[in-house]
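So that you can tell them apart, the chains are marked A, B and C in the order they are listed, and the count of residues begins at 1 in each.
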Amino acid sequence: MTATQPEPDPEQRLIALGLELPPAPAPLAAYVPARRAGNLVFVSGQIPMKDGSLIAQGVVPTDVDPETAVRCAVQCTLNGLAALKAEIGTLSRLRRVVRLGCFVASAAGYHEQPKIANGASELLIEVFGEAGRHARAAVGSVDLPLGAPVEIEFVFEVQ
Amino acid sequence: MTATQPEPDPEQRLIALGLELPPAPAPLAAYVPARRAGNLVFVSGQIPMKDGSLIAQGVVPTDVDPETAVRCAVQCTLNGLAALKAEIGTLSRLRRVVRLGCFVASAAGYHEQPKIANGASELLIEVFGEAGRHARAAVGSVDLPLGAPVEIEFVFEVQ
Amino acid sequence: MTATQPEPDPEQRLIALGLELPPAPAPLAAYVPARRAGNLVFVSGQIPMKDGSLIAQGVVPTDVDPETAVRCAVQCTLNGLAALKAEIGTLSRLRRVVRLGCFVASAAGYHEQPKIANGASELLIEVFGEAGRHARAAVGSVDLPLGAPVEIEFVFEVQ
(Lines give C-alpha, C1' and ligand atoms only; values in the text may rest on other atoms or scores of the structure.)
Protein backbone atom coordinates (compact mmCIF):
# COMPACT_ATOMS: atom_id res chain seq x y z
CA MET A 1 0.00 0.00 0.00
CA THR A 2 2.78 2.40 0.78
CA ALA A 3 5.80 3.41 -1.25
CA THR A 4 9.05 3.22 0.67
CA GLN A 5 11.26 5.55 -1.34
CA PRO A 6 10.80 9.28 -1.81
CA GLU A 7 8.92 10.12 -4.97
CA PRO A 8 10.92 12.35 -7.31
CA ASP A 9 7.87 14.27 -8.51
CA PRO A 10 4.87 14.29 -6.22
CA GLU A 11 2.72 16.26 -8.63
CA GLN A 12 3.24 13.60 -11.33
CA ARG A 13 2.40 11.02 -8.70
CA LEU A 14 -0.93 12.72 -7.99
CA ILE A 15 -1.75 12.66 -11.69
CA ALA A 16 -0.80 8.98 -11.87
CA LEU A 17 -3.23 8.35 -9.02
CA GLY A 18 -5.98 10.01 -11.04
CA LEU A 19 -6.17 12.89 -8.60
CA GLU A 20 -6.31 16.55 -9.39
CA LEU A 21 -4.69 19.28 -7.38
CA PRO A 22 -7.40 21.93 -7.00
CA PRO A 23 -6.74 25.65 -7.39
CA ALA A 24 -5.17 27.11 -4.27
CA PRO A 25 -7.83 27.95 -1.68
CA ALA A 26 -8.67 31.65 -1.94
CA PRO A 27 -7.21 33.75 0.86
CA LEU A 28 -10.06 34.57 3.22
CA ALA A 29 -10.56 37.90 4.94
CA ALA A 30 -9.30 37.01 8.33
CA TYR A 31 -6.70 34.33 7.87
CA VAL A 32 -4.54 32.72 5.18
CA PRO A 33 -4.39 29.18 3.79
CA ALA A 34 -0.75 28.67 4.78
CA ARG A 35 1.83 30.41 6.93
CA ARG A 36 5.54 29.73 6.93
CA ALA A 37 7.84 30.03 9.95
CA GLY A 38 11.41 28.99 9.24
CA ASN A 39 11.28 25.62 7.47
CA LEU A 40 7.81 24.80 8.75
CA VAL A 41 4.62 25.58 6.85
CA PHE A 42 1.40 25.54 8.86
CA VAL A 43 -1.66 24.95 6.65
CA SER A 44 -5.09 26.04 7.88
CA GLY A 45 -7.79 23.52 8.64
CA GLN A 46 -9.15 22.30 5.30
CA ILE A 47 -12.68 21.10 4.74
CA PRO A 48 -13.77 18.93 1.80
CA MET A 49 -14.62 21.73 -0.60
CA LYS A 50 -14.51 20.84 -4.28
CA ASP A 51 -15.47 23.25 -7.05
CA GLY A 52 -16.95 25.61 -4.49
CA SER A 53 -19.08 23.26 -2.41
CA LEU A 54 -18.70 20.55 0.19
CA ILE A 55 -18.68 17.01 -1.21
CA ALA A 56 -20.69 15.87 1.86
CA GLN A 57 -22.27 17.43 4.91
CA GLY A 58 -23.13 16.20 8.39
CA VAL A 59 -21.82 13.93 11.11
CA VAL A 60 -20.35 10.45 10.74
CA PRO A 61 -21.89 7.86 10.59
CA THR A 62 -25.43 9.21 11.04
CA ASP A 63 -25.50 11.59 8.08
CA VAL A 64 -22.34 10.61 6.23
CA ASP A 65 -21.18 7.01 5.84
CA PRO A 66 -17.54 6.18 6.61
CA GLU A 67 -16.61 5.55 2.97
CA THR A 68 -17.78 9.02 2.04
CA ALA A 69 -15.95 10.47 5.03
CA VAL A 70 -12.74 8.85 3.80
CA ARG A 71 -13.25 10.59 0.45
CA CYS A 72 -13.72 13.82 2.38
CA ALA A 73 -10.35 13.27 4.07
CA VAL A 74 -8.77 12.80 0.65
CA GLN A 75 -10.32 16.05 -0.60
CA CYS A 76 -9.13 17.93 2.52
CA THR A 77 -5.64 16.66 1.76
CA LEU A 78 -5.75 17.76 -1.87
CA ASN A 79 -6.85 21.20 -0.69
CA GLY A 80 -4.05 21.27 1.87
CA LEU A 81 -1.47 20.31 -0.77
CA ALA A 82 -2.80 23.07 -3.02
CA ALA A 83 -2.30 25.55 -0.18
CA LEU A 84 1.22 24.24 0.38
CA LYS A 85 2.06 24.51 -3.32
CA ALA A 86 0.80 28.09 -3.45
CA GLU A 87 3.13 28.88 -0.53
CA ILE A 88 6.30 27.15 -1.76
CA GLY A 89 5.87 27.00 -5.54
CA THR A 90 6.19 23.27 -6.12
CA LEU A 91 5.46 20.20 -4.04
CA SER A 92 8.90 18.82 -4.82
CA ARG A 93 10.32 21.30 -2.28
CA LEU A 94 8.55 19.42 0.52
CA ARG A 95 11.06 17.77 2.83
CA ARG A 96 8.59 15.90 4.99
CA VAL A 97 5.02 15.87 6.21
CA VAL A 98 5.25 16.50 9.96
CA ARG A 99 1.82 16.48 11.53
CA LEU A 100 -1.87 16.15 10.71
CA GLY A 101 -4.66 17.29 13.00
CA CYS A 102 -7.80 15.49 11.84
CA PHE A 103 -11.23 16.40 13.23
CA VAL A 104 -14.15 14.13 12.33
CA ALA A 105 -17.68 15.39 13.00
CA SER A 106 -18.90 12.44 15.02
CA ALA A 107 -22.13 11.16 16.43
CA ALA A 108 -21.79 10.26 20.11
CA GLY A 109 -20.47 6.71 20.33
CA TYR A 110 -18.61 6.81 16.99
CA HIS A 111 -15.05 5.70 17.65
CA GLU A 112 -13.51 5.17 14.22
CA GLN A 113 -11.94 8.55 13.55
CA PRO A 114 -8.60 6.86 12.69
CA LYS A 115 -10.17 5.01 9.74
CA ILE A 116 -11.38 8.30 8.33
CA ALA A 117 -8.04 10.01 8.91
CA ASN A 118 -6.31 7.15 7.08
CA GLY A 119 -7.76 8.56 3.87
CA ALA A 120 -5.44 11.53 4.33
CA SER A 121 -2.47 9.61 5.72
CA GLU A 122 -2.42 6.94 3.03
CA LEU A 123 -2.66 9.51 0.27
CA LEU A 124 0.31 11.44 1.65
CA ILE A 125 2.40 8.29 1.79
CA GLU A 126 1.38 7.30 -1.73
CA VAL A 127 2.35 10.73 -3.04
CA PHE A 128 5.52 11.40 -1.07
CA GLY A 129 6.77 7.95 -0.01
CA GLU A 130 8.80 7.97 3.21
CA ALA A 131 8.72 11.76 3.25
CA GLY A 132 4.96 11.52 3.58
CA ARG A 133 5.00 9.72 6.94
CA HIS A 134 3.75 11.93 9.76
CA ALA A 135 2.54 12.23 13.32
CA ARG A 136 -1.19 12.57 13.68
CA ALA A 137 -3.99 13.33 16.08
CA ALA A 138 -7.48 12.16 15.06
CA VAL A 139 -10.39 13.18 17.27
CA GLY A 140 -14.14 13.53 17.18
CA SER A 141 -15.80 16.94 16.97
CA VAL A 142 -19.41 17.77 17.79
CA ASP A 143 -19.66 19.99 14.70
CA LEU A 144 -17.40 21.56 12.10
CA PRO A 145 -17.52 24.66 9.87
CA LEU A 146 -20.32 24.64 7.26
CA GLY A 147 -21.30 21.22 8.56
CA ALA A 148 -18.21 19.57 7.08
CA PRO A 149 -17.78 15.93 8.10
CA VAL A 150 -13.98 16.28 8.27
CA GLU A 151 -11.45 19.07 8.83
CA ILE A 152 -7.70 18.53 8.57
CA GLU A 153 -4.83 20.90 9.35
CA PHE A 154 -1.20 20.22 8.40
CA VAL A 155 2.38 20.99 9.37
CA PHE A 156 4.95 20.46 6.63
CA GLU A 157 8.72 20.82 6.65
CA VAL A 158 10.07 22.36 3.43
CA GLN A 159 13.43 23.17 1.89
CA MET B 1 -10.76 46.19 7.41
CA THR B 2 -7.17 45.04 7.48
CA ALA B 3 -3.98 47.02 7.58
CA THR B 4 -1.46 45.95 4.95
CA GLN B 5 1.76 47.26 6.40
CA PRO B 6 3.39 46.11 9.62
CA GLU B 7 2.47 48.26 12.59
CA PRO B 8 5.53 49.81 14.22
CA ASP B 9 4.12 49.56 17.73
CA PRO B 10 1.44 46.93 18.29
CA GLU B 11 0.89 47.93 21.90
CA GLN B 12 0.07 51.50 20.85
CA ARG B 13 -2.23 50.03 18.24
CA LEU B 14 -4.14 48.11 20.90
CA ILE B 15 -4.60 51.31 22.89
CA ALA B 16 -5.78 53.12 19.76
CA LEU B 17 -8.38 50.36 19.30
CA GLY B 18 -9.61 51.03 22.84
CA LEU B 19 -8.39 47.64 24.01
CA GLU B 20 -6.46 46.86 27.12
CA LEU B 21 -3.77 44.23 27.42
CA PRO B 22 -4.63 42.35 30.62
CA PRO B 23 -2.03 41.32 33.20
CA ALA B 24 -0.15 38.23 32.11
CA PRO B 25 -2.10 35.08 32.97
CA ALA B 26 -0.78 33.69 36.24
CA PRO B 27 1.42 30.61 35.82
CA LEU B 28 -0.68 27.63 36.88
CA ALA B 29 0.59 24.68 38.83
CA ALA B 30 0.86 22.21 36.06
CA TYR B 31 1.61 24.16 32.93
CA VAL B 32 2.72 27.61 31.80
CA PRO B 33 1.02 30.30 29.71
CA ALA B 34 3.72 30.28 27.03
CA ARG B 35 6.67 28.11 26.04
CA ARG B 36 9.40 29.07 23.61
CA ALA B 37 11.25 26.65 21.32
CA GLY B 38 13.75 28.36 19.02
CA ASN B 39 11.94 31.28 17.38
CA LEU B 40 8.50 29.82 18.02
CA VAL B 41 6.39 30.64 21.06
CA PHE B 42 3.52 28.26 21.82
CA VAL B 43 0.81 29.92 23.93
CA SER B 44 -1.56 27.76 25.98
CA GLY B 45 -5.25 27.61 25.17
CA GLN B 46 -6.80 30.83 26.43
CA ILE B 47 -10.37 31.16 27.63
CA PRO B 48 -12.24 34.49 27.88
CA MET B 49 -11.25 35.34 31.43
CA LYS B 50 -11.37 39.03 32.32
CA ASP B 51 -10.66 40.39 35.78
CA GLY B 52 -10.80 36.87 37.17
CA SER B 53 -14.02 35.56 35.66
CA LEU B 54 -15.37 34.37 32.32
CA ILE B 55 -17.17 37.05 30.31
CA ALA B 56 -19.69 34.42 29.17
CA GLN B 57 -20.39 30.76 29.81
CA GLY B 58 -22.03 27.98 27.83
CA VAL B 59 -22.35 26.66 24.30
CA VAL B 60 -23.00 28.66 21.14
CA PRO B 61 -25.66 29.57 20.10
CA THR B 62 -27.94 27.99 22.73
CA ASP B 63 -26.49 29.66 25.81
CA VAL B 64 -24.24 32.30 24.26
CA ASP B 65 -25.20 34.31 21.17
CA PRO B 66 -22.66 34.60 18.35
CA GLU B 67 -21.96 38.30 18.98
CA THR B 68 -20.98 37.52 22.56
CA ALA B 69 -18.88 34.60 21.37
CA VAL B 70 -16.98 36.93 19.05
CA ARG B 71 -16.22 39.16 22.04
CA CYS B 72 -15.00 36.04 23.83
CA ALA B 73 -12.61 35.34 20.95
CA VAL B 74 -11.29 38.90 21.27
CA GLN B 75 -10.73 38.43 25.01
CA CYS B 76 -8.95 35.08 24.43
CA THR B 77 -6.66 36.91 22.02
CA LEU B 78 -5.90 39.72 24.46
CA ASN B 79 -5.02 37.08 27.06
CA GLY B 80 -2.84 35.27 24.54
CA LEU B 81 -1.00 38.47 23.65
CA ALA B 82 -0.46 39.16 27.36
CA ALA B 83 1.09 35.69 27.69
CA LEU B 84 3.29 36.37 24.66
CA LYS B 85 4.40 39.75 26.02
CA ALA B 86 5.31 38.18 29.37
CA GLU B 87 7.47 35.68 27.48
CA ILE B 88 9.28 38.04 25.10
CA GLY B 89 9.10 41.42 26.87
CA THR B 90 7.40 43.51 24.21
CA LEU B 91 4.97 42.72 21.41
CA SER B 92 7.17 44.61 18.95
CA ARG B 93 9.50 41.59 18.95
CA LEU B 94 6.80 39.52 17.26
CA ARG B 95 7.84 38.54 13.75
CA ARG B 96 4.58 36.92 12.70
CA VAL B 97 1.50 35.18 13.99
CA VAL B 98 1.76 31.60 12.71
CA ARG B 99 -1.24 29.57 13.79
CA LEU B 100 -4.45 29.78 15.80
CA GLY B 101 -6.32 26.75 17.07
CA CYS B 102 -9.85 27.93 17.88
CA PHE B 103 -12.31 25.69 19.71
CA VAL B 104 -15.93 26.88 19.95
CA ALA B 105 -18.24 25.14 22.43
CA SER B 106 -21.01 24.29 20.00
CA ALA B 107 -24.52 22.94 20.12
CA ALA B 108 -24.99 20.07 17.68
CA GLY B 109 -25.82 21.55 14.31
CA TYR B 110 -23.98 24.83 14.86
CA HIS B 111 -21.66 25.34 11.90
CA GLU B 112 -20.40 28.92 12.20
CA GLN B 113 -17.19 28.44 14.17
CA PRO B 114 -15.26 30.51 11.57
CA LYS B 115 -17.36 33.61 12.31
CA ILE B 116 -16.48 33.32 15.97
CA ALA B 117 -12.80 32.73 15.24
CA ASN B 118 -12.78 35.85 13.04
CA GLY B 119 -12.99 37.89 16.23
CA ALA B 120 -9.47 36.72 17.02
CA SER B 121 -8.13 36.78 13.47
CA GLU B 122 -9.34 40.27 12.64
CA LEU B 123 -7.94 41.68 15.86
CA LEU B 124 -4.51 40.19 15.15
CA ILE B 125 -4.47 41.72 11.68
CA GLU B 126 -5.60 45.11 13.00
CA VAL B 127 -2.84 45.06 15.61
CA PHE B 128 0.05 43.60 13.61
CA GLY B 129 -0.87 44.27 9.96
CA GLU B 130 0.60 41.74 7.51
CA ALA B 131 2.59 40.16 10.34
CA GLY B 132 -0.73 39.28 11.96
CA ARG B 133 -1.91 37.00 9.15
CA HIS B 134 -1.97 33.35 10.21
CA ALA B 135 -3.06 29.80 9.49
CA ARG B 136 -6.03 28.68 11.52
CA ALA B 137 -8.14 25.70 12.48
CA ALA B 138 -11.61 26.45 13.86
CA VAL B 139 -13.65 23.52 15.15
CA GLY B 140 -16.59 22.78 17.41
CA SER B 141 -16.11 21.29 20.85
CA VAL B 142 -18.74 19.56 22.98
CA ASP B 143 -17.53 21.39 26.09
CA LEU B 144 -14.60 23.52 27.22
CA PRO B 145 -12.85 24.26 30.53
CA LEU B 146 -15.01 26.10 33.09
CA GLY B 147 -17.80 26.14 30.51
CA ALA B 148 -15.98 28.68 28.35
CA PRO B 149 -17.68 29.30 24.99
CA VAL B 150 -14.32 29.71 23.21
CA GLU B 151 -10.74 28.53 23.72
CA ILE B 152 -7.87 29.67 21.49
CA GLU B 153 -4.24 28.55 21.41
CA PHE B 154 -1.52 30.33 19.45
CA VAL B 155 1.84 29.80 17.75
CA PHE B 156 3.89 32.95 17.22
CA GLU B 157 7.25 33.48 15.53
CA VAL B 158 9.45 35.99 17.37
CA GLN B 159 12.82 37.65 16.88
CA MET C 1 4.63 18.96 43.91
CA THR C 2 6.99 20.09 41.20
CA ALA C 3 10.74 19.84 40.96
CA THR C 4 12.39 23.12 40.03
CA GLN C 5 15.71 21.89 38.68
CA PRO C 6 16.25 19.75 35.59
CA GLU C 7 16.43 16.06 36.38
CA PRO C 8 19.74 14.51 35.30
CA ASP C 9 18.18 11.19 34.31
CA PRO C 10 14.47 11.22 33.51
CA GLU C 11 14.30 7.48 32.95
CA GLN C 12 15.64 6.85 36.46
CA ARG C 13 13.10 9.36 37.69
CA LEU C 14 10.27 7.38 36.10
CA ILE C 15 11.48 4.23 37.83
CA ALA C 16 11.70 6.11 41.14
CA LEU C 17 8.06 7.14 40.64
CA GLY C 18 7.14 3.48 40.25
CA LEU C 19 6.21 4.02 36.61
CA GLU C 20 7.18 1.88 33.68
CA LEU C 21 7.99 3.16 30.24
CA PRO C 22 6.02 0.89 27.90
CA PRO C 23 7.43 -0.54 24.68
CA ALA C 24 7.40 2.04 21.89
CA PRO C 25 4.00 2.17 20.22
CA ALA C 26 4.11 0.02 17.08
CA PRO C 27 4.29 2.04 13.86
CA LEU C 28 0.85 1.89 12.29
CA ALA C 29 0.14 1.54 8.60
CA ALA C 30 -0.75 5.09 7.83
CA TYR C 31 1.17 7.24 10.27
CA VAL C 32 4.07 7.08 12.70
CA PRO C 33 4.26 7.56 16.48
CA ALA C 34 6.71 10.46 16.23
CA ARG C 35 8.08 12.75 13.54
CA ARG C 36 11.05 15.04 13.87
CA ALA C 37 11.46 18.41 12.13
CA GLY C 38 14.64 20.23 13.11
CA ASN C 39 14.84 20.22 16.90
CA LEU C 40 11.11 19.61 17.32
CA VAL C 41 9.57 16.16 17.70
CA PHE C 42 5.83 15.90 17.09
CA VAL C 43 4.31 12.85 18.81
CA SER C 44 1.00 11.47 17.55
CA GLY C 45 -2.12 11.57 19.68
CA GLN C 46 -1.75 8.85 22.31
CA ILE C 47 -4.64 6.99 23.89
CA PRO C 48 -4.43 5.10 27.20
CA MET C 49 -3.38 1.75 25.78
CA LYS C 50 -1.55 -0.55 28.17
CA ASP C 51 -0.49 -4.09 27.32
CA GLY C 52 -2.60 -3.94 24.20
CA SER C 53 -5.88 -2.64 25.54
CA LEU C 54 -7.43 0.59 26.83
CA ILE C 55 -7.32 1.00 30.61
CA ALA C 56 -10.78 2.62 30.45
CA GLN C 57 -13.41 3.38 27.84
CA GLY C 58 -16.14 5.98 27.49
CA VAL C 59 -16.88 9.62 28.24
CA VAL C 60 -16.10 11.55 31.41
CA PRO C 61 -17.76 11.62 33.90
CA THR C 62 -20.72 9.48 32.78
CA ASP C 63 -18.82 6.31 31.92
CA VAL C 64 -15.40 7.06 33.37
CA ASP C 65 -14.88 8.85 36.69
CA PRO C 66 -12.38 11.73 36.82
CA GLU C 67 -9.83 9.81 38.91
CA THR C 68 -9.70 7.07 36.28
CA ALA C 69 -9.45 9.69 33.54
CA VAL C 70 -6.42 11.19 35.30
CA ARG C 71 -4.80 7.75 35.24
CA CYS C 72 -5.60 7.61 31.54
CA ALA C 73 -3.77 10.91 31.04
CA VAL C 74 -0.76 9.44 32.83
CA GLN C 75 -0.83 6.38 30.57
CA CYS C 76 -1.10 8.56 27.45
CA THR C 77 1.98 10.41 28.65
CA LEU C 78 3.97 7.23 29.26
CA ASN C 79 3.08 6.12 25.75
CA GLY C 80 4.11 9.50 24.38
CA LEU C 81 7.45 9.34 26.18
CA ALA C 82 8.00 5.85 24.79
CA ALA C 83 7.40 7.22 21.29
CA LEU C 84 9.82 10.07 21.97
CA LYS C 85 12.48 7.70 23.28
CA ALA C 86 12.16 5.48 20.21
CA GLU C 87 12.74 8.57 18.06
CA ILE C 88 15.72 10.09 19.91
CA GLY C 89 17.28 7.12 21.73
CA THR C 90 17.16 8.37 25.31
CA LEU C 91 14.90 10.75 27.21
CA SER C 92 17.94 12.60 28.52
CA ARG C 93 18.26 14.24 25.08
CA LEU C 94 15.00 16.09 25.68
CA ARG C 95 15.60 19.83 25.95
CA ARG C 96 12.07 20.83 26.89
CA VAL C 97 8.46 19.81 26.65
CA VAL C 98 6.83 22.43 24.42
CA ARG C 99 3.13 21.74 24.00
CA LEU C 100 0.43 19.26 24.95
CA GLY C 101 -2.88 18.98 23.14
CA CYS C 102 -5.25 17.14 25.47
CA PHE C 103 -8.65 15.94 24.31
CA VAL C 104 -11.06 14.60 26.94
CA ALA C 105 -14.13 12.65 25.79
CA SER C 106 -16.72 14.69 27.66
CA ALA C 107 -20.39 14.48 28.42
CA ALA C 108 -22.18 17.74 27.62
CA GLY C 109 -21.82 20.03 30.61
CA TYR C 110 -18.53 18.53 31.83
CA HIS C 111 -16.10 21.41 32.29
CA GLU C 112 -13.12 19.94 34.13
CA GLN C 113 -10.85 18.95 31.26
CA PRO C 114 -7.92 20.79 32.93
CA LYS C 115 -8.05 18.51 35.98
CA ILE C 116 -7.73 15.50 33.72
CA ALA C 117 -4.91 17.05 31.70
CA ASN C 118 -3.05 17.79 34.92
CA GLY C 119 -2.35 14.07 35.17
CA ALA C 120 -0.11 14.47 32.15
CA SER C 121 1.31 17.88 33.03
CA GLU C 122 2.25 17.00 36.59
CA LEU C 123 3.96 13.80 35.51
CA LEU C 124 6.07 15.66 32.94
CA ILE C 125 7.18 18.17 35.56
CA GLU C 126 7.97 15.41 38.07
CA VAL C 127 10.06 13.60 35.49
CA PHE C 128 11.84 16.50 33.79
CA GLY C 129 11.70 19.35 36.33
CA GLU C 130 11.74 22.83 34.76
CA ALA C 131 12.35 21.29 31.35
CA GLY C 132 8.97 19.58 31.72
CA ARG C 133 6.94 22.81 31.84
CA HIS C 134 4.84 23.30 28.74
CA ALA C 135 2.06 25.16 27.00
CA ARG C 136 -1.18 23.25 26.82
CA ALA C 137 -4.64 23.19 25.29
CA ALA C 138 -7.24 21.02 27.03
CA VAL C 139 -10.63 20.66 25.37
CA GLY C 140 -13.65 18.41 25.38
CA SER C 141 -14.31 16.00 22.53
CA VAL C 142 -17.60 14.31 21.69
CA ASP C 143 -15.82 11.00 21.07
CA LEU C 144 -12.29 9.68 20.63
CA PRO C 145 -10.67 6.73 18.82
CA LEU C 146 -11.67 3.29 20.19
CA GLY C 147 -13.80 5.09 22.78
CA ALA C 148 -10.74 6.34 24.66
CA PRO C 149 -11.58 8.80 27.45
CA VAL C 150 -8.41 10.83 26.77
CA GLU C 151 -6.09 11.50 23.84
CA ILE C 152 -2.92 13.56 24.15
CA GLU C 153 -0.48 14.75 21.51
CA PHE C 154 2.91 16.29 22.24
CA VAL C 155 5.55 18.65 20.87
CA PHE C 156 9.03 18.24 22.35
CA GLU C 157 12.23 20.14 21.74
CA VAL C 158 15.31 17.90 21.67
CA GLN C 159 19.07 18.27 21.36
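Everything that follows uses one rule, which is that a contact is a pair of C-beta atoms (placed from the backbone, for glycine too) under 8 Å apart; a residue touches a chain by one contact, two chains touch by 3 or more.
It should be emphasised that the depicted structure is a prediction, and the values quoted were computed from it without experimental measurement.
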Contacting chain A as well as chain B are chains C
List the interface residue numbers of chain A and of chain C, divide the shared ones by all numbers used, and answer same when the ratio is over half, different when under half.
different
Using CA atoms for the superposition, what rotation angle relates chain B to chain C, in steps of 5 degrees?
120
CA centroids of chain A and chain C: separation to the nearest Å works out as 25
Where chain B touches two or more other chains simultaneously, the residues are 38, 101, 141-142
Chain A - residues contacting chain C, complex:
1-2, 38-40, 96-101, 106-114, 117-118, 121-122, 125, 133-142, 155, 157
Provide the residue numbers of chain B that touch chain C in the complex, in ascending order.
29-35, 37-38, 42-45, 59, 101, 103, 105, 141-147, 151, 153
